[in-house]
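First subunit A sits with subunit B, and in the next complex the same chain sits with subunit C.
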Partner chain A sequence: MNIRHKTILPWLLVSPYIIHLLVFVAFPILFSLVLTFNKWNIISPMEYIGLSNYSRILHDRQFWKAVGNTLIFLSIHIPLQIIVAISLAEILNQKIKLRPFFRGAFFLPVIVSGVVVSILWQQLLGFDTGIFNRMLTSIGLGRIGWLIDPNWAMPSIAIMATWKNVGLYIVLFLVGLQTVPKAYYEAADIEGATKWQKFWHITLPMINPTIFMVVILSTIGGFSLFIEPYVMTGGGPLNSTLSAVLYIYKQAFFYYHMGYSATLGIFFAMIILFVIIIQKKFIEK
Partner chain B sequence: MFIYPFVWMLSASLAPESELATLTVIPSEITFENYQVLLDKIPIGRALLNSVIVASSVTLGVLVFGSMIGYALSRLEFRGRDTIFYIILFTMTLPFHITLIPNYILMVKFGWVDTYAALIIPYMINAFAIIMFRQYFKSIPQDLIDAAKIDGCGELRIIFQILWPNSIPALVTIGIITFMASWNEVLWPLIVIRDEQLMTMPQLVTLFAVGGRAESQLGVKLASAVLLALPILVAYMFFQKYFIQSMASSGLKE
Partner chain C sequence: MCIKLILLSLFLSGICVFASSCSKNQKNDGELLFWSSNNLPEIEFAQDMIETWNASNSPHINFQPVPEGQSSEEMILAAVVAKTTPDIYANMRQGDVEFYAESHVLIPLDTLDGFLEFMYARCDSSVMDEIRSADGHTYQVPWKINPIIVLYNQDYYDELGVVDYPRTYSAYLSLAEKFKKDMDGDGYVDRWFGNTESNVLWYQRFFNFIPLYYAASGGSPLIENNKAAFNNEAAVKVFTFLQTLYKNQYFPIERLAARRDPFLYGDIATKWTGPWDVPFIQKFKPDLNFNAHPMPVPDDYIGVSHTYADPKSIVIFKYSSNPQKAWDFLQQFLSIENDFKFFSLSKQFPRRKDLLTDSIFVNYLKRNPQLAPFAKQAKYTHGISDTPYMKEILALISQEYEACVVYGKKEPRQAIQDAAQAVDLLYLNLSQ
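Take a look at the complex of A and B:
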């Protein structure tokens, strides 16, 4: 009795996880695969259409537009994020005095909902009365259509996302910077190394794991971008801010193309994993 | 740079509509008109209540189930334990894009659309929380558990009466991350909730800002954003240190 009890009990404890895994993870993945071969709007019966969803995706200009938009977002967001976060972390690492205050302030946008940040920045980036354009005109420059010019809309969102997330990465880099042994810098001082040399040859290699993590988290963030374009631009102008998740959402809940949106989901997931593998190769060098 | 936009948002929401175009910091007069309009138009109080119910239930579920499963994985010997652990790690790497649509269909089939169940139940188990609890429980001395067993404690009592009081940092960290993530979640509510009375705060504010109901009154839009930001900002003021530590540790683990 007691032995039987002992073998069943652990399974009882983990049973909530098993149920959750089967219902909300395993089944959805399998069902997702089934959906990719079907056309379905939930209401009428499912219709088998073979590989149509797959061939459609390859010719879907909006799908490729969303992939391209995300890559534009990442190519601005990731370098900007790393440079700003490392610089601010370096400054905070030296001037101890007001560190908790600044760290707390940088962290503010991290904890606030993306909805708040989007509504707020929509005003700051407004064409006629936004603070940014008011500053530009006050120093005699022309206005920029931050959110209404197709060339500027995605970069604007990338800048905003950097503002929102950078506080978290400052803290992560601060942790990273504090793991660098002081003796390394002292040795470099004796050799007469400049500040820049010390940063390039000591600091950077030591915080490489943190950089890698920031790249991965930002990449996933970029492919998960949804509420920012949803609130600020609705994906426009000219689909220039159509993101991966926004496109899945539109296909599923504007047009009720469940089969096609499931296919999109799987394709985007594969692209994410592919991009991360490439980044891993690149950074490890 | 990081605080000013929030200050501007607050003062703009309190300023008369006509002043928004020129406002920099302090409006000439303070008016609560925008908030009045907002309260008349959308059930923001109800949304606040919904958000509290959803985020608290999700957090409680994650803590209870996470510690049960984390305990089994760290302290009990049974066949298949390592397999489950690796499955958990594997599921953490899966992008949510794959399961989004089929999970919505599940909600439809379960009849959970427009219920709290859709917002709470799928989120009550969190792989990340399980892993964190597993790590933390491993650091607790086995003697403590053995002593409790000799006193005749069952496994559940061991978890909630012996381990919990000794795991405050883990509970706080996981609690804050879970609560915040649930509070700020907006995509899933947009998908599964259509009834305005059941909407969470971020969802209601989003639909208000995007749909025509704000009628391009910027002040009212900003007022809704202020109300949405307020609860989490208040919590942040009191628990700033824990917020930063929690978020940092969550980032480092991933």
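Take a look at the complex of A and C:
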């Protein structure tokens, strides 16, 4: 009896996690894989269609446009995020006045709902009444179609996403900066190194693991770009902010093409995996 | 050890009990469940109707507004999947009914006793034709409409010297040219003649392209025999008209969500909308002098201006324990007295053929002149073609709408042709 208890109890204790894993991870993944070979609108019975969903992806110009848009977003968002986060972390690592306040203030947008932030920025970036354009016209410059000009819309969203997420990466970089031994800087001081040389030759190499982590997290976060275009632009203008996840969402929940959207989701996950492997090869040292 | 096991078992069984209680409908055996929209006047009306029914009828009906979610459509879909639908749902978009009908989750109402007699007494035969599904059955009760027409600021029209409302595109554009203005002298127009959502989302076309298309074509359908039926001169004229509005800055390109209500605050003179805006304006800007007129039509168009009805229907789900009783309740729910009660509470129009002839409505409209133009329009309104692919079709039209109308990247004729081709291709792919 005692031995049986000893065998059952650990299973019971880990059962919440196992149930969670089976219900919310394993089952959805397996079900998605099944869906990729079927046509299903949720309420009608599934219809087996073989590899049609996969072949459809190859000819779906909107999906590839959405993937391209997501890559444009990443190419702006990741460098911007890293530069801003490292710069602010470096400043917040110094002994400046109100340091705890600034650390808290920069982290604040991270914990605010993405929808709230998106609505707020939609107002700020408004063409006719937005405060940014009012500032531009007040100093004699022309207005910018932040969200209505196809050339500006994605960069605007990338800037906004950077503002929203940078606080988290500042914290990560702060942790990284605080692990750099002070002795290295003291030695560099004795050698007469400038601030820039110290940053370039000591700080950056020492925080390389943090940079790698930030790049990976930003990439995964960037690939899942959804709330901002969904709330601010709906994917427009002229599909310039249609992200891959927004497109997958539309296929699933606007048109109920569950099989196709599951195929897109799995295909897109493979793209992310591929990009992460490449990043790992080139960034991690 | 035993105590730990008992606590764990209690915890797990608690979760099971909670989950099972959540999955149950809020009704006892034999009772019916009615879901309304979340709109307050509709909740008040439905509660009143159900209390009256329950006082002297059985089975009893339980009421609840559609559960909160991202959209009522999503909640209905979730309920259908979980087989926890209400017996009756009042507020389904007419265009969505075919999707559920094709999936066999709705009761064909024409198989219920007294349905057809009741409906033909209430609605025009054209309405009954419009709501009949592809399989020949009728799955919905056409309950209410909100005709989309032009709401205008009377003071601005007086300022412009408007005697007769701008019936044609050229009259509308001419007023727009006179009205647009750079109020603060920064080189940008900040007073426009109107505003309509430029967003590419499919349902936004219900409030610009579709009403104008019905107006320009005398109510021609968008889809016929599983093919695009809008590849015609009327649609080209609508796109040309809309493109001019943006090109000449008569309408702003910015999304409506990015600003305060421009009609309420006098930034625009006209707004294409439904009667729901009347009580809204009366509540939030009681001193605003406004009225409404039909949608503009092409200059060479002869006849009455038609428009989109924004129709909402009532359906009975197949999981209902007693569809005939549900229909008996709906007959009482849809009586002329109750339709009037609903109308006066919500300012939404019951889809009845006697809206302009029965004294109960006529007298009310006399006392509420701002609703009268919507009522006059009611006879010339149309729903949307019955197809389960309406969202995809409107999304395809929206793509061309944005490229041509909003950004001027395509010629109207080419854009309409491309939209029609894309719709035909959609049907071709779906039929394979």
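Here is the rule we use: the second predicted complex is superposed on the first by the 282 of 285 C-alpha atoms of A that agree within 3 Å, B and C clash if a C-alpha of one lies under 4 Å from a C-alpha of the other, contacts with A are read in each partner's own complex, and residues count from 1 in each chain.
Note that contacts are C-beta pairs under 8 Å (C-beta built on N, C-alpha and C of every residue); 3 or more make two chains touch, one makes a residue touch a chain.
No experiment lies behind these values; they were computed from the predicted model shown.
The superposed arrangement places subunit B and subunit C in clashing positions on subunit A. Using the contact criterion defined above for the overlaid structures, shared-chain residue A:Tyr17 touches subunit B, although it does not reach subunit C.
Once chain A of one complex is fitted onto chain A of the other, the partner contacts of A:Leu35 are limited to subunit B, with no touch recorded for subunit C.
Contact with subunit B, but none with subunit C, is seen for A:Val245 once the two complexes are overlaid on the shared chain. Applying the stated contact rule after C-alpha superposition, one finds that A:Leu147 touches subunit C and leaves subunit B untouched. Between subunit B and subunit C, it is B that contacts the larger number of residues in subunit A. Using the contact criterion defined above for the overlaid structures, shared-chain residue A:Gly235 touches subunit C, although it does not reach subunit B. Residue contacts after overlaying the shared chain place A:Trp196 against neither subunit B nor subunit C.
In the superposed model, A:Thr137 makes contact with subunit C only, not with subunit B. Counting contacts by the rule stated earlier, residues 9, 42, 119, 123, 128-129, 234, 253 of subunit A appear in both its interface with subunit B and its interface with subunit C. Subunit A makes touch with subunit C in their complex at residues 5, 9, 12, 41-44, 119, 122-123, 125-130, 137, 143, 145, 147-148, 150, 233-239, 250, 253-256.
If you check the complex, the residues on subunit C that touch subunit A are 1, 4-5, 8, 74, 77, 80-81, 99-100, 102-105, 186-188, 190, 198-202, 252-255, 257-260, 391-392, 395, 399, 402-403, 406-407, 409. Interface residues of subunit B facing subunit A in the complex, by the touch rule stated above, are 2-3, 5-6, 8-9, 12, 20-22, 24, 65, 68-69, 71-73, 76-78, 81, 84, 87-88, 91, 93-106, 108, 122, 124-125, 130, 155, 180, 183-184, 186-187, 190-191, 202, 205-206, 209-210, 218, 221-222, 224-225, 228-229, 232-233, 236, 240, 243-244, 247-248, 251-252, 254.
Taken together, the subunit A residues at the contact with subunit B in this complex read 7, 9-11, 13-14, 16-18, 20-21, 23-25, 27-29, 31-32, 35, 42, 103-116, 119-121, 123-124, 128-129, 131, 163, 167-169, 171-172, 175, 213, 216-217, 220, 223-224, 226-227, 230-231, 234, 244-245, 248-249, 252-253, 258, 261-262, 264-266, 268-269, 272-273.
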